[in-house]
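Have a look at the structure below, then the notes.
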Amino acid sequence: MITETIARKASLAIDRRLRAAKFVRSALNHVFPDHWSFMLGEIALYSFMVLVVTGTYLALFFHASSEKVIYHGMYAPLDGQKVSVAYRSVLNICFNVPAGLLVRQMHHWAALIFLWAILAHMARIFLTAAYRKPRELNWLIGLTLLVLALVNGFFGYSMLDDLLSGTGLRIGYAILLSIPIAGPWLTFLFMGGTIPNPATLPRMFALHIFLVPALIAGLLGLHLFMIWRQLHTNYPGPKRTNTTIVGSRLWPSYTAKSLGLLLLVFGVIAALGGLFQIDPVWTYGPYDPASIMAGAQPDWYLGWVEGAIRLFPGINLRLGHWLVPELFFPAVLMPSLLFLALYSWPFVEKLFSLDKGDQNVLRMPYDQPVLTAGGVGLFTFLLVLLAAGGDDFLALAVDGSVIRIRTILRILVLVGPPCTAALAYVTCKGLKRRHAARARLRDDSSLSSEASPNVTTEPAVTDNMGQPLVLPLTEPSGLPGGD
Amino acid sequence: MNEEEDQESRPKSGIGEALQLGRSFLDLGWSVVELLSKAAARLLPQKHELLHHPKSGRDEDREMEGAAQMSRRERIGTLLVFGFFSIAMLGGVGFLFAYWSGTSNTQWLGGSLALFLCGTGITLVLWAHWLMTHKQAVEARHTVASTQLAEKAAAKAFCDGVHDVRRRRLLAWMGVSGAGLFGMMVLSLLRGLGISPDKTLYSRIWKSGQRLVTLDGKPLSLESLVPGSMATVFPEDQIGDERAQTVLIRVKENLLQLPAERATWAPSGYVAYSRVCTHAGCPVGEYEAEQSVLLCPCHQSTFDVLRAAAPTGGPAARPLPQLPLYAAADGTLRAGGGFTAPPGPGFWGIS
Amino acid sequence: MAERESRVRPRVNPGFLQVCVAMLLTCAPAAGQGASSVPASDGAAIFAERCSRCHGDNGQGLAAAVTIAGPSLQAEHDLGYVMTAVESGPSHMPAFSRILTADQIRDVSRYVTSDLAVIPLVHGNIGDGGKLFRTYCATCHRTAVRGGVLAFAGRNAPALTDKSAALIAGAIRWGPGTMPKFPASVLSDEQLASTVDYVRFVQHPPNPGGDPLKQVGPVAEGGLAALAMLLVIAITGWIERGGKG
C-alpha cells in the first residue's frame, strides 16, 4: 500500500512537471518481439554497463604515468626493480585494494564478452538482413561501435605497461609506421615520437576512460533510440507483416526479462572475474626495452589481425626509393578493405535487391543462401586468421613445428572459406526446400479448418497506446501504409 | 593454485560437444528444479496467502482462465523465486562477510558476488515466466517516413526561415570561410601532440669507436663469448635503449658467409645485428645456436646469422641491420660505424 | 627428498625410441663390463668410463641434437642427490645400482660434486634474476617457463616446470641442443644464481586471480570467453523460451 502511494505521488509529480503521461503510456506498451536472438545486442549493452561500472572503480586507483620508480610492494620478486608508476598502480590494485583484483578481472572479462556479443549480434543482423531500409544508419552506427570497442580494448590492456601489452604496443607502433606517406607522421602524432615515449600512456588513458567511452555511449544512445523509433523487426510468421509488429509489451514482462538478463550477464562476468585469472601482469613483468616474451598475443578480438600478420609472407613493395613495408598489407590494407566492405554493404545489397520500401520482416538465413554463404565464408576466413594468431600455441599443443602449422594455415585461409561457403549454400537450399514443403502443408490444412476449435483466439491489433484498431491486415506489399 | 604438467593438457572438445554438454547440463538443472518444485507444491495447503496484491484488469483475465490452475502455477512460481532469491541473499551476505573480514581471496569475493547477481537475475526471469501473464500483442507499425503533408510543412518552415535572411550568399561564404578557419585553428592544436618525424627515425644509432657493453655496462672483448653463445649489447651512451639494442653472437669463423664488402666486420667470428625486428619491432631474442638462426618470437620471422641476417622465412622482408665490428688495441670489441640501415620496422622513407 | 627432479613421464616422441635404443646400446656395454679394469675407488676413472659418454668429459653436457642426452653436471653440489641419481637413474639415465658397488657410486658422486661442479650455486637477487630472465630466457621458454616454439630442430623449447636448480644452472652455461651458451662474461655467477632463483620461483607463480588457464594467456582467455558467451546465449534461450520472434 505504502509503495503504491509513493509510486503514485512520484509519478504525478513528474508528470506535472514534464507532461510525461502520454509518453510513459506508449513506452510501457512498447512492443518487443520475443526471440533469444534479439537479445544478443542487449548482452553487449549490459557488458558495456559492467565495463563502465568496474572501469570507474579502477580509474580511481590507476595512475597513468610511465615515469620510472623503484618498486617496494607486496609482490616480492619485483622488489627493488625499476617499474613505471602505471605498472605499480596496477600491482597495487591487484594486491592491495580490497576486491581490486576482482574488479580488474571482471573489467577485462567483460571486455572480452562485450566483443563476442557485438560479433554475435552483428552476425545475426547480417544473416537476417536486418540492415535493410530503414535501418541502414543503425548498421553504420553499429559498425562504428565495433571499431570503437576494438580500439578501446586495445588501449585498455596496453595502458598497464606490462611486458605482454608492451610487445603489442611495439607492433602497433610498427603498424602505424607502415602506412605509406603518412605513417611516420601518424605515429609521431599518436605516440608522441618513437617508442617508448612518456606521452603515449597518458594519451591512451585519456582516450580509454573518456573520449572513446563517451563516443560509445553517445552512439549507443542513438542506436537504441532508432530501434525504439523504428520498432524492432519480426521474424516471418503469422500476423507479422511490414505494417504490424508482434511481441510482448515492455511492461511488465519484457522489463523483468531484460533486468534478469542484465543481472545474469553481470553474474557470469563476476563468476569469471572471481574464478579465472586473466592478464596476470605480475608474472609477465614490467615492460622494458630489452625484455621480450614468447607466446605474446593481443586479446582475442585482435587475434585476426595478428594471424594475418603471421601468415602474410615477407613481400614488401619498393617504389623507387620509397618503401611500402610488408606489415602494411595484412595489418592496415586488409582490415581497411574489410571494414569498407562492411560499411558499404547495405547500399551494395540494395543494388542487387528487389525489395522496395521499408523492410520490417526479417529474412530467414536460408532464404538468402548467397548472402548467408558469403557471411559464413567471411566468418571462416576470420576464424582461420584467429587460429593463426595463436599458431605458436597450436604448435606447442601438438609438439610440432610452428613453420608447418603456418603453412597449413596459409592453405586453409585460402581454401577454407570457399568450402564452408559452399556448404552453407547447400544447407540453406536444403532448409529452404524443407520449409517451403512444410508451409505448403500448413496452408493446405489451414484452409480446411478455418473454424477449427484448435485455433486459438488471437489478440486484437492495437495502436501504440494499446487500444484496439480496426485495420485490414495485408500481406507485405513493400509499400508504406498510410497513417 | 597449482599448474598442471604439460602432459596433462587435454585437447579442447569441439564446439558441438561443448554445446551438447551445456544443453544437457541445463536440462538436468531444469528437471531437478521442476522435480523439487512439484514435490514442494504438493506439501503446501490448497489455500495460502503467500501471494497478495490488489486486483487489476489482468487479474480478471487470469481468473477467467481457470482459478485452480493458475494458483498452482503461482505457488510453484512463488516457491521458485523464493528459493533463488534466498540463494542470492546468501551470496550477498557472503560477499559482505568476505569483504569486511579483510580477505583478499578473489575466488570467495567473486563467487559470492556471482551468486548474488545470478540469483537475483534468475529470480526476475522466473517471475516473468511463472508470475506474469504472457500476452502477445499485435500492434500497427506506423510508417517511419512522415506523411507528405508533414514533410512539406517542415520544408516550408525551413524555407520560410531562409527567405527571411537577407544577403544569403554573403552569409554562406562567411560561414564557409569562418568554419574553415576555425577548423584550421583546431587542427593546429594537434601539433602539440607530437613532434614531426625527425632524424631520430633515420638514425643509425652507433658511432664509430663506441664500445659494446652489456646491460650492466661491462665492455666485451674477443674472449667474452665462445662459438654458440650470444649477448645483448648496447652503445655505452644508450644502455637500455629500445632502438639501440644489439645482439652479439659468436659463430665459427669458417661458417660465415657475409657479403664481400662486410668481410672485415666479423673479427674472430663475432657478428652483431640490430636486435629490433625489421618486421614489427619486437626484440629478436631467440637464437637457435645449432642452425645459427635468429628467430623473432612475435611472428616467427627467421634470420640467417651466417648470411648477414637475411630473412629466411616468416613475414619479415628486410634483413636485420648489421653493425661492423672490430677489436680495438685494448682488446675491447667496438663498432666500426653505424648500422647498415635504421633499426626497426620499415616505413615509407627508409633507405 | 628427491623433489628437485620429479619423475615425469615424457611425452613419447617419434625419435625417442630410437634414442633410447641408441643410448642403451652405447651405455649397456659400459654397464655390462662390470668391475673389470677399474680400481674400486677412483672416481675420475669410473666417470671417464661410465659417465663421460653421455655427460661429456668434464660433465659439461653432451651437445647432442637430442636434448635428453646427459645434461651438464657442473652445478650438481648435492652429494646425496647425485648418489641417488646414480643408483636409481632418473629420467632417461640407466640405474647403476646393480653395476657399481656402493663404494664406487660414492666415489664417482664425490668426484662429480667436488671436481666437476664448477658452477657455484649461491642465492642471488630474484628481482635482478627476473629482469635477466625477461631479457634472455622468456623469449624461448615464456614468462612462466611453460615452454615455447622454435623454428628448427623439430623440437620446441622445453617447459622448465620440473627442473632442478642444478639442471637449470648447468643448462644455461652449457646450452643444450639448439639453446645458446651463456658464459660468465654475459651472465656472471651471481647473475646466473639470480636467474636460476627466478626460474625456480616462476615454476609455481602465484595465481591469486583464480585458475591460471595453464598460464597460456590471451589465447586461452579468448577461448574461455567464447564458452562464456555460449553460456550467456543459452541463458537468453532460456529467458525467451517459446518466443517465436
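A, B and C label the chains in the order they appear, each numbered from 1.
Quick note on the criterion: a contact is a pair of C-beta atoms (placed from the backbone, for glycine too) under 8 Å apart; a residue touches a chain by one contact, two chains touch by 3 or more.
No experiment lies behind these values; they were computed from the predicted model shown.
Looking only at C-beta pairs in contact, point me to the busier pair out of B-C and A-B.
A-B
From the centre of chain C, which other chain's Cα mean sits the farthest off?
A
At what distance in angstrom does the C-alpha mean of chain C lie from that of chain A?
Using C-alpha averages as centres, the distance is 44 Å.
Once you find the CA centre of chain B and the CA centre of chain C, what distance in Å lies between them?
That pair's centroid distance is 33 Å.
Rounded to the nearest whole Å, what is the centre-to-centre distance of chain A and chain B, using the mean of the C-alpha atoms as each centre?
13
Among the residues of chain B, pick out those that touch two or more other chains and give their numbers.
Chain B, residues with two or more chain partners: 9, 104, 106-107, 110, 125, 128, 215, 232, 283, 285-286, 297, 300, 313-314.
Give me the residue numbers in chain C that touch at least two other chains, ranges are fine.
Answer for chain C, listing residues that touch two or more other chains: 11, 135, 138-140, 144, 146-151, 205, 207-212, 215, 223, 231, 239.
Show the residues in chain A shared as contacts by 2 or more other chains, in ascending order.
Residues 34, 95, 101, 105, 257, 260-261, 264, 268, 272, 274-275, 288, 290-296, 392, 402-403 of chain A each touch two or more of the other chains.
Give the list of chain A residues in touch with chain B in this complex.
4, 29, 31, 34, 95, 98-99, 101-102, 105-106, 134, 167, 170-171, 173-175, 177-181, 183-185, 187-196, 199, 203, 229-231, 239, 242-249, 252-253, 256-257, 259-264, 266-268, 270-275, 288-296, 306, 309-316, 321-327, 330, 358, 360, 391-392, 397, 402-403, 406, 458-464, 466, 469, 471, 480-483
Spell out the part of chain C that touches chain A in their complex, as residue ranges.
Per the touch definition, chain C meets chain A at residues 11, 13, 125-128, 130-131, 134-135, 138-144, 146-151, 154, 156-157, 198, 201-202, 205-213, 215-219, 221-226, 228-229, 231-233, 235-237, 239-240, 242-245.
In the complex, go through chain B and note every residue touching chain A.
Answer in residue numbers: 9, 11, 54, 99, 102, 104, 106-111, 113-125, 127-128, 132-145, 147, 190, 193-197, 200-201, 215, 232, 240-243, 245, 279-283, 285-286, 297-301, 311, 313-318, 344-351.
Enumerate the contact residues on chain B facing chain C in the complex.
Touching chain C: residues 1-7, 9, 12, 15, 18-19, 22-23, 26, 104-107, 110, 125, 128-129, 214-215, 218, 220, 223-226, 228-232, 249, 283, 285-291, 293, 295, 297, 300, 302, 313-314 of chain B.
Considering only the defined contacts, which chain C positions touch chain B in the complex?
My answer: residues 8-11, 65, 132, 135-136, 138-140, 144, 146-153, 159, 161-162, 175, 177-183, 185-186, 204-205, 207-212, 214-215, 223, 227, 230-231, 234, 238-239, 241.
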